[in-house]
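Input: a single structure, listed below in structure tokens.
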Amino acid sequence: MELAMLAFERPAIDWHAFAPELVLLAVGSILTLIDIVYNERARRVMPALAAVGLLATLVPVLTLAVDGADRSMFDGAFVVDDMALTLKALFLISGFVVVLLSVDYIRDGDYHENEYYSLLLASLLGMVLIASSRDLITMFIALELLSIPAYMLAAWRKGGATSNEAGLKYYLMGVFASAIMLYGMSLIFGVSGSTQFDAIRVALDTGGDSAPMVTLGILFVLVGFGFKVSAVPFHTWAPDVYEGSPTPITAFLAVAAKAAGFVALLQLVFVAFSGRYDVVEPFFWIMAALTMTVGNLMALRQTNIVRMLAYSGVAQGGFMLAPFAVAGQATDSAIQAIVTYLIIYAFMNLGAFAVVLAVAKKTRSGEISSYAGLFSYAPGLAVAMTVFMAALAGIPPAGGWVAKLLVWRALLDASSVQGTVLAVVVAFNAVLAFSYYAKVLREMWMSDAPDGDTSPVSVSGTLTLALGLTVLATLAFGVFPQLAARFGDFSASFAL
Amino acid sequence: MLENAYLIPLLPALSFVFILLFGKRFKGGDAVHWIGIGVVGVVWVLSLVLGAQWIDRSEDALSGGGSSYEESLVVVVGSSGTGAGVLLGTEAGEGAPAPIAEPVISQITWFQSGGVEHSVGTYVDGLAALLLVVVSTVSLLVHIYSTEYVRGDVRYVHYYAFLSLFTASMLFFVLSSSILQMIVGWELVGLCSFALIGHWWEDSANSSAALKAFLTNRVGDIGLLVGMIILFFGAGTFDIFQINDMVARGEISHLVLLMASLSLIAAVMSKSGQFPLHTWLPDAMAGPTPVSALIHAATMVVAGVYMIARLYPVFYEGFAINTSSINLLSFIGGFTALMAAGLAFFQWDIKKVLAYSTVSQLGYMVMALGVGAWTAAVFHLFTHALFKACLFLGAGSVSHASHHTFDMRKMGGLKKHMPVTFWTFAIASLALAGIFPLAGFWSKDEILIGAWTGQQSGYPLMLFFGAAVAALTAAYMTRVIYYTFFGEYRGHGTPHESPKAITVPLVILAGGAVLGGLANLPSPAADAIGLGGIAHRIETYAEPVNFLAPLGLTVAAPSLAMALIGLGLALSGIGVTYLYFWKGMGPQGLSERNKYARAGRTFFENKYYLDYLYNDIIVASIKWPIAKATYWFNQNVIDKVVDSVGEGARDGGQFVYRYIDQAVVDGTVNATGTAANASGESLRVIQSGKVQDYGALLFGAVGVLAIIFVIVI
Amino acid sequence: MLVNQFLLLSAFLFCTGVYGVLARRNAVMVLMSIELMLNAVNINLLTFGVLHGTVSGQVFALFIIAVAAAEVAVGLAIVLLIYRNRSNIDVDDLDLMKG
Amino acid sequence: MQATGFDAWAVSLVVFLPLLGALVMLAVPSKEEETHKLIALVSSLGALAAGIYILVQFDYDNTSELQFLVDKSWIDVINSRFIVGVDGLSLPMLILSLVVVPLCIVYSWQHIPEPGNPKAFLMLILVLATGMNGTFVSHDLILFFVFFEIVLLPMYFMIGVWGGPERKYASLKFFLFTLFGSALMILSFLALFFVAEDPSGTALNTFDMRALSQWAGAGLSLTTAVVIFGGMFMGFGIKVPMFPFHTWLPDAHTQAPTVGSVILAAVLLKLGTYGFIRIALPILPRAAEQWAPWIGLLAVIGIIYGALGCLAQTDMKRLIAFSSVAHMGYVMLGISTLTTLGINAAVFGMVAHGLITGILFFVAGSVKERYHTLEIARLGGLLKAAPRMGWILGFATMASLGLPGLAGFWGEFPAILAAYQPAPALSEELFRVYMVIAALGTVLAAGYLLWLYQRTAFGEPTEEFADLEIADVNQYEWLAWTPFLLAILAFGVYPNLIFSLTDDTVGNIVSAFGG
């Protein structure tokens, strides 16, 4: 090895491109500092600071979006383009909503409040970063950055046995999956000699000799992220962790963390592995079909709402995985479908968790049966929940239908038999899914309140804000789908 | 009036709506009949005006003033080569062209499809005019009669409303200019029939009879629908005139016409009570008697006959009436006539006797149409309406007088109590029996001649049917008169003559029964009484020669011999029965009970012995085994079939619902749900809660995938 | 360069690690097994880095080492937490939530 | 040609006014029940007024042309547009829907079913109205789909919340069935988007029904077309519902509150048949020819099967529900003939069935309210207890069994007639067999309806209810019912009211079948 190679040259840094991460980092650091300095006295301001920080982070994202130019740093390891910005914004807004959800929950429970928000921001930083990463190392760092705080957050209810269990399960499975993923990355690095996606793509395109190794590498990497997005059979952690974690964290995991996994998959599949669609497409076909079917079937039997939402999340993940199965045949529609789905999914699922939080405050229960008669004493919450359930089930005019429509469109755009068959599988699953969403609706609307207890539910201001935001977004996406769909239209980004 | 004939059905329709909506406001409904009577009166006048105008038009045509068709100029003369008997005279207009006035058709678009407009409108010709007069006349009389008969009924208003609706529907049907319109009218009269049979629906027997009537008719209506559909596609139009015209021109294939006629005859069977769909008609007597008179004797039940007459070219060509010596139409008609006449003997209910008699007479008309005696059939329709309405109303009057019973065993001796009723009833009976010179004589005679002469050759079987029926008719009517008016009164209370509202219609109708024959007197007879000018009026004004002549229809000439035979048969029927009842002379084939028969006179006063006697004679004698068998067949087979078809359908429904719909179809649906739940349940096994199991699953899946992707693919 | 030996070693280590993760009851042992897997990855990366003559492999490995340290810290913290609550760190006993 | 001025807003008003009403109601506290009723009525009447404006301004000489057309961008990324307009085919269905809704609201004035809450109930009706109206006017497949689906949830809740004892099961069944069909339907729509191409071979990539009808499957392989048609068949067929997908219907109807049943029968079922005529037939005529014999077969099975099902029923409402299966069988038979007459008859049948079954359900609802049961065996003597209601029931049963002079006949008879001579591509013999079976069905129809009438209306009231004071038709009921009764009569007497509207549009559709 020559010394010249090792000579360090400071790479050019585009501070503007890096601004969102920097702002977020700064806010996170400030929060930590405040915690150290003021300790418990800072409790009141922490959530507000975190929320403001997230909104502040949105500012550079917006300026970058207005600027419009694609930016690339570190030899293409860090890229800022439309899609990256869109996803960053999505993460930030999800984070914002999660903060809104957390305020009361964390304050009222037996929790360390200050660290909570710092960790949340740290995790979000990982997500924001992952949206821009076009390099195995960057991606790994970002992934771990978002995961490690999440492990802790899952176990945040320190005295609760279930929370502990959730934390450990999440941690062990996460690390195990990371290890497998890393092993796959090492193989890919071995074949391509580079950690950068563009180089990997070129190398995989031409590297015919070591096909089994490439295949194995790709598989391992995809499995690693399959774990993150809780694809069947790598989903098993999800229900337990969701159930055990503090509910706002569950929402965070179900939405932001899952979205991060998808974002990574997007980069990997459409950039790094785009030469090996022969492996990627069947892999995702199987994953998608399994994920949605198993997720739905298991969700049918659930009696706990969080657990049901966990399985529903698994199934929804299956729908989002489906377009990957035609990644090569209908690239543009597939990307569009996935990104749009992510956006809409974030709002409808966060909204659902917001209702769960609000209701749990009164009923102190996670059982679906505790929703009985909700409509009679909290019609607003019931209607909001109805909107979210309808959205998740894909019933117009709530937003979810657009997401499903785009998935179907991508699958059919491929005009292949596999695509069409998967579309039909999606159709069957969409119907299946409604039966358990309907269970919630049924309890809320058609059953009587348990013990005739119809005292109203008090919903705090932050929760109301979160609910309002998500309901509005969910409905708006459903009525004016263009709102969401145009953010998924990145035909230019991947014109490789 | 010819162009504005739509007013005729429209007025009673409006009166229906009016009565229905506002009837109760008229002194609590009691005076509502004045609306009905008034409107029908107007309609009656309009009908007469229309008839007169039509006659004018026809006369114009006859004198060459009217436009006419090429075809109608063909001379129609009774064929003398039939060898069926001595021709006593010839056709009216013999040797001269017999132009027929063009029907007056006024139409508007009813609906359009595929750019083709289908019309609704009125079709006025002699046939329609005749029926208008008949319907409005009988309807008017029934309206008047009902003021007394139905007085105080709980649903007086509704009763009059439906009378109006029926009148409207029937007139609408009669004036139909398209076959589709005929279907509409056909069903509407069926509805009114249903509603009026079930007038006293508190009693489930009545509502069941109503249902039976409607459903039996619906069965026949399948034939109507299918037949009309075939005709529509054969001719490409619903228009009656065009259809007839096309048939006359030979533009529709024989096969199509045959299929259409075969289908339509099913409708005739149900509506006009022909074998084997006649069973509803006797049951329909559950309705109020005036209704029976109007609907189930004079008008509605002749709808089938009217339809055949209206679409005669279709049937004529379809059944090849001009070539074959026997066809379905004539056979069904003849057989029904005979069968029903036999059944009439077994009834104790006076209305049922009349009902079977109606079935029998309708069979007569159908038979007449089947042998090509168009005019005879229409003529008989006309006369029958008059005397049968009179009989029914008479029966009503009798019942009105004797505690609302129709059981003849509870009557008797009413002659002295209600002379007007008796005499009108007797006259109508004689007319029905075909006694010279009453109306029935002339029309029946023409039918017999038609059967005798036939088209290319005579119809001996039909002649036999006709002759037998003539005798039987006379016999059973004599029986009715005996039980009702002679002997001692066997009911409760003191019978009394009915009030004017009832007797006046009776008298009018009896007058019709006497004079009805004038409508189509054979020219020899007309000449004999110096009225040569009015001979063959129906034939002249109504027969659609323009359609029929091209097809080769021949009209039989009057025959004195036939007239005498017919009269003889009727008289013998009366005579034999007279001997049974008045003179106690029965067939002496019976053993010990003969002494009752001989000594009958003394026992006639005793209801019990009377029944006994009559029953024994009938039951034990060998004279009526066929009738007996027929009756058994009628009650136990045909009627049972009708009933059991209904029950069968219901059982079938139960079966399909329980074992197919709920078990199989719905079962599959529910099973899908259960299966989904079950698989969800079984999948829970993988969610053991143990993190190492999860890890194993994760890594195992990786291994399997690796094997698949690296080795297999 | 003898690439294969290193790769085989790495694969062996990785498999050992997997076995440990799946088979050991003790949470700490599981954590250590995961470390084994990560180190297998590191060996791979170093080998390939040298093979391709780039430092990326080593950089990657360094990052992994660093991250692994953080991970283990968190992991041990969670294990401690559980130990505090249950006096037991048998992962097999953690099945409160299932189905 | 796009409409201008107020015309450009007319259709949108028709569709969205009820929704607006629902939003306003959202802001009003639920205690002010009268205000809610008023808002609901006013907004539905507003939509009706806009509908009447359309009716008046409609150019009756160009019924096949899309009028009041609005074509705006909507979802650009998939090239789906907001295209709404009215032609001779939409108009009758639209007006039907517009009329039914305010009448239902009037009926609800005093008949809010258990457990009350008029605010929610009426809001659901208004949302339903938006969905139904929208479906009939949209000319973009995605837009159509959205409206088609919007009706699901409100109906689900209407059945599930205000329904009978088995309401939960029934509502879910209704929902899952329909959802299943529409999921496959939307797949077909998307497939059309990709397979349609103009003669030069460039993809159309459009959801515009007009463009797709123009294309009419040209150059598409028959197998593909048949499969795509199959998807739509499932979507529409389940909604109709055709045998064997009908089982949701009796349950849904039986359990639904009266108004729900009425809307379901009067309008919702028509969405399916409308879809066949509007979308499936014109866009894929060749596939339609392949499917038609099977549709016809299922239709006649439905006719007989529905009738047999009726004969087995002991519950009045369930009987009426089953009769829908039979009646919609006639509609589908008409459609399957692929002839002008058949499809005209189908449209007529849709309107007629909507009116007739609607009024039947109304009466059934009122009977239930008075007797607290619909067990046929326990009823009886309705004519005695409440003569006016008995009369209306009689009128409706007569109309339902296809009595000429009333609307039912014109849906039934021409459909049977058309089966005698189906489109040239279809087997004449086969359809003649269908014709005879369908004609047989009319007898069964008369059977079960009269049987129903005999046992409920005739006779003396049963002992159980002999002393019960049964109120006759009240003024709200009169208000709600009279238009139904008048319309049934008017359409029956002068069928050209509808035939003349639909004929040209249907003619255009049928021209693809050479009939």
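Going by the order they are written in, the chains are A, B, C and D; count residues from 1 in each one.
As a working rule, a residue touches a chain if its C-beta (ideal position, glycine included) is under 8 Å from a C-beta of that chain, and two chains touch if they have at least 3 such contacts.
All values derive from a computational prediction rather than experimental measurement.
Taking the mean of each chain's C-alpha atoms as its centre, the chain lying closest to the overall protein C-alpha centroid is D.
For the pairs B-D and A-B, the larger set of C-beta contacts lies at B-D. Taking the mean of the C-alpha atoms as each chain's centre, subunit B and subunit D sit 39 Å apart. With each centre defined as the average position of its C-alpha atoms, the distance from subunit A to subunit B rounds to 80 Å. Subunit C has its Cα centroid 98 Å from the Cα centroid of subunit B. One finds 25 Å separating the Cα centroids of subunit A and subunit C. Residue positions of subunit A touching 2 or more other chains, listed in rising order: 168-169, 172, 176, 180, 239-240, 301, 435.
The set of subunit D residues that touch two or more partner chains is empty. Among the residues of subunit C, those touching two or more other chains are numbered 21, 30, 91, 94-99. Touching chain pairs in this entry, ordered by label, are A-B, A-C, A-D, B-C, B-D.
For subunit A in complex with subunit D, the touching residues are 336, 375-376, 379, 386, 390, 393, 395-397, 401-402, 405-406, 408-409, 412-413, 415, 420, 423-424, 427-428, 430-431, 434-435, 438, 441-442, 445-446, 480-482, 485-486, 488-489.
Those residues of subunit A whose C-beta lies close enough to touch subunit B in the complex are 168-169, 172-173, 176-177, 180, 212, 215-216, 219-220, 223, 227, 233-234, 236-237, 239-240, 278-279, 282-283, 286, 294, 297-301, 432, 435.
Of all the residues in subunit B, the ones that touch subunit D in their complex are 109-115, 180, 183-188, 191, 194, 198, 201-204, 207-208, 210-211, 214-215, 218-219, 221-222, 225-226, 229-230, 232-233, 646, 649-650, 652-658, 660-661, 665-666, 669. Remark: subunit D residues 30, 73-78, 115, 120, 142, 145-147, 149-150, 152-153, 156-157, 160-161, 167-168, 171-172, 175-176, 179-180, 183-184, 186-187, 190-191, 193-195 touch subunit A in the complex.
Those residues of subunit C whose C-beta lies close enough to touch subunit A in the complex are 7, 10, 14, 17, 21, 27, 30, 34, 37-38, 40-41, 44-45, 47-49, 51-57, 59-60, 63-64, 67, 70-71, 74-75, 77-79, 81-82, 85-86, 91, 94-99.
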